[in-house]
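Next, two complexes with chain A in common: one pairs it with chain B, the other with chain C.
Here is the complex of A and B:
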């Protein structure tokens, strides 16, 4: 078969285009560091990598939820600790008041101090975190959950649970609703003690000490719950961090090209391309004089 | 660097060595999977001379899941990891002597460093053919412990 000049030219151009395409792929791999450009490169591998990347993103979202939850839970724990401290101080006051040597004036002074503790605890139970009431159940942006008129404290929040999804299929309840605090009878016991002091009723004052002790223990118990939850959030976050480290190790191996290999391949393609260019140049530089 | 850290075999006789090598070729059961791969329970540790002291943790459930690992005995951070395993996780020194502890490696984002996950070592009990990746609740053990430049 006769090999014409045009056949040679077409063959050379075809080889050039193949060389450019190959180089382009290698260049693309080098610039992105990834040898999985699209699903058509390796569909199964691509699907696997996509699945793991989705898991990675989901884990990152869980970690964000945990961060949000931690802020709420740790603030709650801190406030409960302050309430507990106030109740202990009130109990100490009760011991002093129960002492028969305290005068009526001294009892009145202690009652005033006790009123200070009640106001402080009332203020703490109406605390907010990022603009939302901490102890109101799910009524976080409406009116204050606790209302004090000087003689009684009413809870007007609800028992709703605030949850955050912290791992697949697991929603953690992060709030303590106000009814749990009301169930400790802390306000009732403090107000009773105050009234007993004002009345000079030492028997009632003595009786209140045991009641306050129980309220303090109940508040401590609630605080322990938040402490455990905080630990759980930390542990879950650590596990998610490790999971994502494992996932990124694997995604990296599946996707990222062995750069040494890619560079070697690129250099090999470039040499072939340059050789093809030189050959083409020789062919296309032919002129009539070469045929004479 | 790592060749100089490889220690000679401490087995009493050839039979012990052969037994250990046989065990090392058996599938390992990871009761809880690995974090991120909780559904994968069966793995093998593949040791090859060409990549020593590194090894490969290969999933038998999902062929595409394999990771490069190294025994902590080759790493300066091994003492810290062992101490945490004994203190915080109540693994006795006797038990620790009977298991191998590995860490999973990865290449850093800038492709310049090899890092090991010292915060979550792999514990392999060759007698029971069981493994577990333990997440250590310690801030002083890093997720990316730098081994060396690649």
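Here is the complex of A and C:
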């Protein structure tokens, strides 16, 4: 083949350009640490990575929701526990009151003490978490959900459920509505015990002990519900954690550059480029005039 | 044989060498001239014998391979197309800014997540502010991408008009060179014409026939652009649909419509008439669907003050260009609804439902995000295909150029060797004259 000046120049320039181009590609991969810088680098990989990232970000959102739910549920649980121990103390008081040796004055003092427990439980049921009533259904910021006028306690919240999305398609109900607390008859039983104490009606006092015991058990069972929900939250959180660790290593595998490989690639590109430069300078300097 | 005859032969030999050295000097002088085709040394005297046979002798003096040149013109059309494709679509891809934190993908995710945060804390005004701000950022990104595409399209429109003007100029140049050639018959004019043909072939997919002397025919989509004493110009016509220009072409002479598929004009035409409208349309569908669904959910919800029936986005939008958060909500974030019923501040069911809308398979049996991603992946595919085509086409064209230059290019080594060859021949012929002179002198002294 007849080789002319223009062919040699074209080939040399094109090789130099290719050398520069591949060095620049390796360089941008090295400096960003990413193989995949735009969809066009590898559309299939891009589509997969985007899907993974989406799931990853959803999982993060679920974990955030779980953290939030956990605060709510654990607070609810500890308040229920406080209510439970108040009911137990009231029950102890009822035992002492049922004792036939106590005088009318003593019964009145006990009634006062009991009034203290009632107020304590009443104020516990009106507890707030982050500015929201815990036991009011979804009427979380309106009036106090429980209303006590000295003789009866009324619930004016609703039965609304407060939920948190804790995993794909699963909403956990995190609140205990006031109705459930009312259903334990805790206020009714305590108030009738107090009235019996004031009236000095010992048989009524004895009768109320069993009722109080039942209320305490009911509250305990509500509390255990929140305990198992709290466990569920922890378990789900762990599962999401594991899922995201896997996802992030998958994403990194698709997206991140293997630096050793890129650097090796870069070195070999650089070598090729130097060779092309060397060839250019020696080939272009060759001239028949030097030999004539 | 008379001695004087030797003078004639030597004279002829001197002239031949001079002519050869003249050709060599022309070749050396033009070693780097673009489009120059090496001149063959005229030892057989084309000018005399060729003209008698009716052959266009100027062309015979140029070393060339017509088959490869025609091939090159065709492949350069494809090169022009792929080069422009890979540059412009890559530019469009970068408009979307994916993957990146300012890309729509990420902004939509943040928008959805803000609804989840609001669903967790429906009593909160600050969570509402976040929802509003994320929504405004997202709608701005829609507007920005759309208007960037619009700007790009306008730039391409101008480019189409410019390219047509440029092509017409080159077509007229070919015609002018044709006319000049009929008068002056200079091979240099043919070189120049080949150069212009090459430039034209990068712009539009021309077909070239009888590329030797004055019989050249250049055609486009089966219609003749230039032939002997005939020239036709391309006229473009834009028809508007939804304010969007679509271009068609015809010839000014016979008014026939022509299709341009190759060359850089073919590329920008495709991008203008098909690619960009497709991208814009997909963004519009996404925006309209998003607005419709979220408004439907939101207007059923109640805010903390018990207000209901409020749209989250302005409802009368045409698409990505004007998607925007409801003006009332932009001014008063407390209008954002979260609850499914009145006086239930802790009820975040509507906010949750809006969050859940992202999982609904609403567009092409996919979610909003799937739909957007398939758009980005589509653009990515187009870019990587264009890049691939461009790269392989470069190799094809380069190899054809090398084949052409192997025949037509000037090799200095060759020319210099020939220079010495003809210099020697010249010296020998001179010596011949001196010798015959001496011979005659010897004879004359005999008298």
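Here is the rule we go by: the second predicted complex is superposed on the first by the 254 of 292 C-alpha atoms of A that agree within 3 Å, B and C clash if a C-alpha of one lies under 4 Å from a C-alpha of the other, contacts with A are read in each partner's own complex, and residues count from 1 in each chain.
The criterion applied here is as follows: a contact is a pair of C-beta atoms (placed from the backbone, for glycine too) under 8 Å apart; a residue touches a chain by one contact, two chains touch by 3 or more.
Everything numeric here is computed off the predicted structure, so don't read it as measured data.
**Student:** Name the contact category of A:234: first (chain B only), second (chain C only), both, or neither.
**Tutor:** The answer is first: A:234 touches chain B but not chain C.
**Student:** If you stack the two complexes on chain A, which partner ends up touching A:245: first (chain B), second (chain C), both, or neither?
**Tutor:** first
**Student:** In this superposition, which partner touches a larger number of chain A residues, chain B or chain C?
**Tutor:** Touched residues of chain A are more numerous for C.
**Student:** So, A:162: does it touch chain B (first), chain C (second), both, or neither?
**Tutor:** second
**Student:** Which holds for A:55: it touches chain B only (first), chain C only (second), both, or neither?
**Tutor:** It touches chain B, and chain C stays clear.
**Student:** Contact-wise, after the overlay, does A:103 reach chain B, chain C, both or neither (first, second, both, neither)?
**Tutor:** A:103: touches no partner chain.
**Student:** For A:139, using the defined touch cut-off, is the partner it touches chain B, chain C, both, or neither? Pick first, second, both or neither.
**Tutor:** After superposing on A, A:139 lies in contact with chain C but is clear of chain B.
**Student:** A:46 in the overlay: touching chain B, chain C, both, or neither? Say first, second, both or neither.
**Tutor:** Only chain C; A:46 stays clear of chain B.
**Student:** What residues on chain A does chain C touch that chain B touches too?
**Tutor:** Overlap of chain B and chain C footprints on chain A: empty.
**Student:** Within their complex, state which residues of chain A touch chain B.
**Tutor:** 33, 44-45, 48, 52, 55, 59, 234-235, 238-250, 252-254, 256, 259
**Student:** Across the complex, what residues on chain B touch chain A?
**Tutor:** Chain B residues touching chain A: 34-37, 64-68, 104-107, 111, 117, 119-120, 133, 135, 137, 143-144.
**Student:** Okay, in this complex, where on chain A does chain C touch?
**Tutor:** So the residues of chain A in touch with chain C come to 1-7, 10-11, 14, 36, 38-43, 46-47, 49-51, 53-54, 57, 61, 64-65, 68, 130-132, 136-142, 158, 160, 162-165, 171, 175, 287-289, 292.
**Student:** Please output the residues of chain C touching chain A within their complex, sorted ascending.
**Tutor:** Spelled out, the residues of chain C in touch with chain A are 31-32, 38, 90, 93-94, 98-99, 105, 109, 113, 116-117, 119-121, 123, 304, 339, 343-349, 352, 355, 369, 373-374, 376-377, 379-384, 387, 394, 398, 401-402, 405-407, 409-414, 416-417, 420.
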